[in-house]
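Each chain carries a letter (A, B, C and D) given by its place in the written order, and its residues are counted from 1.
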């Protein structure tokens, strides 16, 4: 079939392979809802007449938390956007891996709220627990991304045409880095100092923001001859 | 028209038949919202200074319920994804059947919450009522799936090109199994023991997860010569 | 351009005309959210040990209201689905009309809740007010549908290829019927008896369900030679 | 590649450029959710028997706020719809700019609620603070729109085929107007009179509604020879 030869559609000849359209639509829906539900946390502060400005200033920390959460889910969406560009079709296994990735995105607001609560209201023990909780959640969130790259590496027919096998393999470095460094941040936060663990977590979010399109800009980018 | 001959579009020559694009978009939106709204149930526990870790541990059961609900709705989405791949066009009747399927997906969080409430706070009578309530809801949810397969079997022109009539007919076994075994689980839960009924329900969720792509992997899979 | 001649894309040669893809995606998102948010109203009843079944039975009326609201929004989605199949492109004016249609869909849960409240807790005066409120809202909701058909009738180049001018004109009967009969139901509910008004409203919902695909099945269907 | 020459797809030859499909789907999801969540604010008023009509009348102001918010988010969606029609592909930078635009749309309900609160419950100092807060938020919301037009002007290969460079440059006037006049409205509201600032804000919303499709209707429209 001509369409299949052009590589724009899924490889129809394989049993159990289907288009990625609905996976994208479903995933985009989930991301859109998670990022928008954050706004429900923004509330007009209680105030007496003349005290609105003071009330708004007092809420500054929760507004900052809103901005950070919005940015973090945005980063995950960008990573997911780049991820699905690597495949030309999906399978039941990939759909399950994708559901696990979405699970990680959906729960983010929860460990974030735990973290915010511990640093605004808790003591040092609470902060250690919250940093470790966040780091465990973030480390586990990396696992399905690793599974995605590994599965794609083992099933080359699912790869989009212009994506080389070396590129897929090299991308596994990113979730492995996440697993190890988030885990390390959790250990540091629990046994050494919660602030040290928190810094590790923030560094990791920035890492994922910078590498959302893969390692293309760096030396490994040469392995991805997209533009031919 | 060439496009119709290639089977990529809907069969334009039939009155009342339209593309499935919007049905997919609408359904994906509903699934995405249901699966994401679950996260609203996750709340930072109330705790005194130093008690965050204990508080988080205490909520373990509700976290488990969140994971199970997320997985169950994921399973239904996967089933729905496979379902709509069987059709090349939709009609008003199929749209109503699809609305009934979505209705079943949307209400899941409710009988789940009733079940969780009965087993954490209720007595044996409550648990019997909750298991029966859940089982009745789940059995009724199977009905529109049966209607979908039966309708598609009676309207062969709506079938996607590569789907054979035998395949569609054989798939009716799945919702019929659901109707009978969920009903049986409800009866067992009500008259014998709520835990027995609960085990029946869990077995059925696993059954739907395993067969989400149809019976392709088993002996019946030979009836579905997709890859030709 | 070949694509334009085939009529599958928008008429690119006209200034201000664009594809309907995003209008559909946005509308489907709005419908999916409204229909799913209804489930937030379903709550596990408060009960003492052993009282769950009684509690669930007591909530029967609110479960019925949920089913009716789900069905009504489903009907509007089906009408909207059929509506956008009539056009091959959209303009700024059509986008505004579509926003007004969505506005009507989004607010439905509100007059419905007012109605349910008046009949479960209010007296005769409240019921009269609620029926009149609902009927006014429903009558106003018909206005943008009328505007849609009238606009489409005046801009024949926006019509999908297989849709005839007579068909578009004849469809105006549906929103005009809605405006008049909803208005009449409101007057009957206010001046005569709220139950009479309520019956009028229910009849109108069934009317919109039956005619969601247009008058195709009836004698007017001959004006729509789609499959011709 | 033929597809690339026809300009319907993204410029595949460029590293880091991808289709806009998912950006549109994600953005439409976010807009759909924001506009629908507004309805959660509509509540059946508390009333004693016979007092429903009075209760509904009393809530008139909050219903008006709902209509205005719905319209404003509709205006932003229309602007965004027209914005993405200017591009044929997206990049990581454009995705970040788009996230910033969505951020602005998502938070709108919050400064709106602050404004409504200040004018219904606060004193003159609160109203000054609320108007300034709203104006600062609105002015900052204009910034990513300016960044979008500037980026697109510097990267002509991302422009849709029928969009001329002059058109993109001229559109920068719109967000610059927003930045300056919203800022001015905030200053007027803070230092002169909150009502004067409020009028400035309302004028700006109407300005964005009227210019949502660009300056096409005016003399600058000649710079946008879309229909060839």
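Note that in this section a contact is a pair of C-beta atoms (placed from the backbone, for glycine too) under 8 Å apart; a residue touches a chain by one contact, two chains touch by 3 or more.
For each chain, UniProt lists the protein as follows: A, B, C, D = TMEM175 family protein.
Keep in mind the model is a prediction, meaning the values are calculated, not measured.
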Copy pair chain A (TMEM175 family protein), chain B (TMEM175 family protein): interface residue numbering same or different (half cut): different
Remotest chain, chain D (TMEM175 family protein) as reference, centres from CA atoms: B
Whole-Å gap between the CA centroids of chain B (TMEM175 family protein) and chain C (TMEM175 family protein): 27
Computed distance of Cα centres, chain D (TMEM175 family protein) from chain B (TMEM175 family protein), in Å: 38
Per-residue multi-chain contacts in chain C (TMEM175 family protein), two or more chains: 25, 28-29, 32-33, 37
Sites on chain A (TMEM175 family protein) touched by chain B (TMEM175 family protein) in the complex: 3, 12-16, 18, 21-23, 25-30, 32-34, 37, 92, 95-96, 99, 102-103, 106-107, 109-110, 113-114, 117-118, 121-123, 125-126, 129-130, 133
In the complex with chain A (TMEM175 family protein), residue positions of chain B (TMEM175 family protein) that touch it: 8, 24-25, 28-29, 31-33, 35-40, 42, 44, 47, 49-53, 56, 67, 70-71, 74, 77-78, 81, 84-85, 162, 212-213, 216, 226-228
